[in-house]
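Shared between the two complexes below is subunit A, which pairs with subunit B and subunit C, respectively.
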Partner chain A sequence: MAASAKTFSRGSRAGVLSGGARRGAREGAVLLAFVLVPFAVEMFWTFWPALNSVYISLTRWDGISPPVFVGADNYLRMWSDETFRTALRNTVMWLVLFGGLSVLGGLALALLLDRPRRGVGVYRAVFFLPVVFSMVVSALVWRMIYQPDGLVNGLLTAVGLEDQTRIWLGDSGTALYALILPALWRQVGYIMVLFLAGLKTVDPLLHEAAKTDGATALERFRYITLPQLRPISTVVLAVTVIDALRSFDIVWALTKGGPYHSSELLSTYQFSTGVLGSQLGYGSALAVVIFLLTVATIVVYLVRSLREEETA
Partner chain B sequence: MSHLTVNRRGFLAGLGALGMTSALGACATSTTPAPAASGSGATSKALTLKSRETSDKSRKAMQALLDEFLKTNPQYKPSLNTMEAAAFQQQIRADLTLATPPDVLTWFAGEIASDFAGQGLLLDATSVFPTDGYSPQFAALSADASGKKIFIPTNYYWWGMFYRTSHFEKWGVSEPKTWDEFIALCKSLKGKGVSPLALPLADAAWLTASWFDYLNLRINGAAFHRALLAGQESYEDPRVAKVLDVWREALPYLDPAGKGLSFQEGSAKWQQGKDAIFLCGPFLADAMPAEVKADVNFFQFPIIDPAVPVAEEAPLDGFIASAHTANPDGALAFLKYAATPAAQELYLKISENTLIPANGQAKSPHPTPLLEKGRTMVAAAADVTQFFNRDSNDDQLNALTTALVRFIDKPGEAAGILKQWQSDSAKARGN
Partner chain C sequence: MTPTKAARLRPWLFHTAMGTLAALWLLPLALVLVTSLRTFDDLAARGLASLPTGLTFDSYRQALGAGEWRAIGNSLLITVPVVVATLVLASMAAYALARHRIPFRRTLLLLMLAGNLLPAQLLLIPVLKLTERFGVFDSRIGVIVVLTAVGLGFYTFVLHGFMRGIPHEITQAAKIDGATTFGVYLRIVLPLTKPALAALGSLAFTWTFNDLLWAITLLRDETKLPVTPAILGMQGQYFSSWNVIAAATVLAAIPTVIVFLRFQRYFISGLLIGSAK
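Presenting the complex of A and B:
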């Protein structure tokens, strides 16, 4: 970077001395360097290892002995792998519940806290606070809440619902949902801030005009607020999909995917097979699948929204 | 790039970014191990000991070993490199294949060490392995398939049914010897309003392996246990189903809150007497106050079939040396020293761990009745196993915890669980 900066300053001085054409060429070279250097760094540190893991996914490898090329075996194995199917199902569930509810909740909160009101800043801060905490710290707090004699069971017992108490994180039927809740608790605040920023761009005059024309609050939301929020919605959806598919920390900190894989996500399954275990080939194949899922979801969405923008 | 993100979080979980980079580098570039240094006339005098013992006292004890070693071997330049245990475990595969590996490493006896040896990654330590001092079981556990010694055991612990003497007195119960007596004891404890068995699973599902190991050892014996773990027998074998059948008798006495408790919470509950018995190692009481430690006692896992020779779990810790070391003479000299009673006593004197020196001629520097009871039990055993994941590997342990936690939850589905277990186990093995 230092070298490019130097070239640039020298280039501009030369430009002053000898004029247009040479100056353009030098700046072109500088610009090219600005593009190529980060590109090379990215290639080396991101794409090259990523390509490597694609290769590793075609091998059987324990990390020590030479890898054995097995073709698509690792991918075929997924079809018959019960845990993979559970993890895939849970990931889809996670995407729908965590993604859907955090967008709805974030939008609702943003609408509620958008209007200037006494102490609205405090409320915004309160809802945003979980985003600031490290997820692992949040997990510790939620662990205590979910404990066998923790807050949730204590409350249920206090209101006479003893038969509803259970070991939330240790029960295969409730573990996944018990994990989605803290993840939502955090994500809602984040989405709220994004939508709040979006709402600031909505022209209040439009609302005024609509009100004068006799539009109800619901109609104004449907025909003014929502269309105006479209650019920010694209960002929110992309962020949500990415966050949902890469969710890992809360699950790992609370259940590690257990009990018996009932709260396993693709990300945690990949980690425990490829990183903690010694099945680097299968682990890499799982990573490739997660990658493809993410890219596919994002691309489908981006293509759709770009097309809409063009037609609009 | 989502899978990279996952990897990045992996770093946070303890790998260290550089560690993984070197692992990735290794995967992309060095699929062929560097040539072994032995015989190549390498002449380095530096001697790096890489340790996963991170507690303050253990670190001091490890350094004391090196200092003492230096007194008699002043020609070497030893240095200690301590790494957090999980990261250490993660990196050892890369470490042993490096061209300039750490010379000596802390490790444990069992399948992984044998695997390393099978791939030619470990230095042959036969020449420095003492001819007497180690029991035949420990000597066998230190050898690879060809009989070459590749591991120097330094200390071990044991597994047993831990309880608090004062609590047992208060409840008016005593140690059982057989499985039937054990079940009767659990029943009587439950009748007194005490939860009989602690088994916290929230972050320690691996503890289920201790129950499986012992039940299998008591019912089917050590030979079958080893064959099963090595993949030569199937988990769908009726003998494994028998293990679950016997265990089912004890399941009603497990603390039902256990599946939501962490190991720490579970041991606290046991300490307070809310759970009576904990199948565990002596490390259970490591962090407890002195008056609790003095009150801790254990009994041997009850005998189920008197015809089966008694085997005990006694996980052995010790040292290995890398085959690619640049200083094989120094590494062997250190291993030779580490095998001596003096070195093992010195280490335990400073580390103050509840461990027994592996060399039979060494004495416990802080002897307690508990340690002596443990030592006597292991010495009397006809066979010694390590622990499920030490005798197999962590992928197999994953398959086990999945099966057994599910079994605790749904004891009626044993057949389906064993079928799944066999399939998971075979897949993890790659066949």
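Presenting the complex of A and C:
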């Protein structure tokens, strides 16, 4: 009797549950699909290839016959590879010059255009405009400027500096620097917008108080504006390092790394050897180096700024 | 006396300096526009740095005739599906992760974001091989799938932050009224997320439209190339026909400029929430 009551009650509870459970299970399945489909799609096309790259970097592979495991050979080969050393040096130079100048330029513009004033909106829009263009569009625009009969040489001739004219993109002494200008032209407006957002958080009352206390503009910048910009600076640094180290389009569009590899970056060298060339192993090792360089730069900055915060 | 004089002088100084800088900033664009309206003979005889003798729209006709129509079409055939697929998939993941107590939700979200921060160089070769294996190498489908997949983490992360801000009372009330998980997503969360979707949509459009690296990695057939790599190819074809190259460049920039002007407010806010990553 008791047993039958038990089974009865259990049965009925199970019956009630199964209605809710069925709905719950369906809802759960929907949720699971909502997360897992996008997650799986992304992981399959990012982490899985990235892991594959690490493995491929330990092999010699022409892309057709099966890969041969060679251990760290590809990495050791970099030491004696003249082009790699040039590309690495250029990449560091690019990081310092392109990164540094875009941050300084963007910060300067943001400071100048921060306070509401007549015409400020127009100036901001002008400096921001190139951000919407592709690097390829900027490249073609600047190619015309750098042509032998282009604007730069035309101006130099006009002011009597004819002996300074040259084929800017075809001269191994100037090609890399000539590439930095169009890249800056397109990047500075973006950094400006980031800093403008950071400056919005600076309390104007602080400046007023400091002014009444007799602080100069420079002192106010050093002791009020800069410390308050710290959070956005971290963001700007990460954006700049990532953008600088993956810079590819502008170089590919204008010089393809030439002449004689003088404007080669690690990204363009990786593309020519690994994707266009048939040295998939070496190309993957170069990709791993680019990845490590990005991570290392950001980690160094984070550690430094953490230490500064501790001492501050 | 001195402060008022300085105050009167300052705006003048500010506008002179800023005006000059802004003019310099626009000079390259003006140069391209003018060059695109000149004739080949004029440019060949007098050089790029000279003043034009006459203006014509002929080079635009030439650029469009040389396959730029098709290239812009290709760009849109790739960009529009990428934007739609990105927003659908990212909003689904963001909704599930932000509004439900899914185990490991933080880890899943951070993994997706991390996947997004891997440099493209690290992915190029294996992704190329994967598309070959699936038979989508050298096809627009392949480019669409890859561009959607490698960007998802960032969009999911931003939308996740946005959806967490929606008050729980709203979704709770709908659930009590019998709305399903999918119903809440479609009829309540998505409409409330519209500003973020617009911001991310315009960013995704620009980034996809401007892509060069993935297109030249995954496509070989010239007739399938989107406009960004295609105008690079025209450079070789129209060597020294600077008027045609300039016209092609202007045409390639128009779609992103339209999107920027149309969604300007969202675009900049998108860059800012994006920077919070």
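Heads up, the rule we're going with is that the second predicted complex is superposed on the first by the 260 of 312 C-alpha atoms of A that agree within 3 Å, B and C clash if a C-alpha of one lies under 4 Å from a C-alpha of the other, contacts with A are read in each partner's own complex, and residues count from 1 in each chain.
Note that a residue touches a chain if its C-beta (ideal position, glycine included) is under 8 Å from a C-beta of that chain, and two chains touch if they have at least 3 such contacts.
Everything numeric in this text was worked out from a predicted model, so none of it was measured.
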| item | value |
| --- | --- |
| First (subunit B), second (subunit C), both or neither touched by A:Q228 | neither |
| Dominant contact partner of subunit A by residue count, subunit C or subunit B | C |
| Which of subunit B and subunit C A:Y260 touches, first, second, both or neither | first |
| Partner chain in contact with A:Q279 - subunit B first, subunit C second, else both or neither | first |
| Partner chain(s) touched by A:T174 [first = subunit B, second = subunit C, both, neither] | neither |
| First (subunit B), second (subunit C), both or neither touched by A:T165 | neither |
| Touching partner for A:V35 - first (subunit B), second (subunit C), both, neither | second |
| Touched partner set for A:V141, first subunit B, second subunit C, both or neither | second |
| Subunit B versus subunit C as contact partner of A:E27, first or second or both or neither | second |
| Overlap of subunit C and subunit B interfaces on subunit A (superposed complexes) | 46, 48-50, 52-53, 56, 63, 143, 147, 149, 242, 245-246, 248-249, 252, 267, 270-271, 275, 280, 286-288, 290-291, 294 |
| In the complex with subunit C, residue positions of subunit A that touch it | 27, 30-31, 34-35, 37-39, 41-50, 52-53, 56, 63, 112-113, 117-119, 122-123, 126-130, 132-137, 140-145, 147, 149-151, 153-155, 185, 190, 193-194, 197, 232, 235-236, 239, 242, 245-246, 248-249, 252-253, 266-267, 270-271, 274-275, 280, 283-284, 286-288, 290-291, 294 |
| Residues of subunit B touching subunit A in the complex | 1-7, 9-10, 13, 15, 23-24, 27-28, 31-32, 90, 93-94, 96-97, 115-116, 119, 121, 201-203, 205, 256-262, 265, 393-395, 398, 401-403, 405-406, 409, 420, 423-424, 427-428, 430 |
| Footprint of subunit A on subunit C - complex, ascending | 11, 14-15, 18, 22, 25-26, 28-29, 31-32, 35, 47-50, 89-90, 92-93, 95-97, 100, 102, 105, 108, 111-112, 115-130, 145-146, 148-150, 152-153, 156, 180-182, 185, 206, 209-213, 216-217, 228-229, 231-232, 235, 242, 245-246, 248-249, 252-253, 256-257, 259-260, 267-268, 271-272, 275-276 |
| Of subunit A, residues touching subunit B in the complex | 46, 48-50, 52-53, 56, 60-67, 77, 81-83, 143, 146-149, 167-172, 242, 245-246, 248-249, 252, 255-256, 258-261, 267, 270-273, 275-280, 286-288, 290-291, 293-294 |
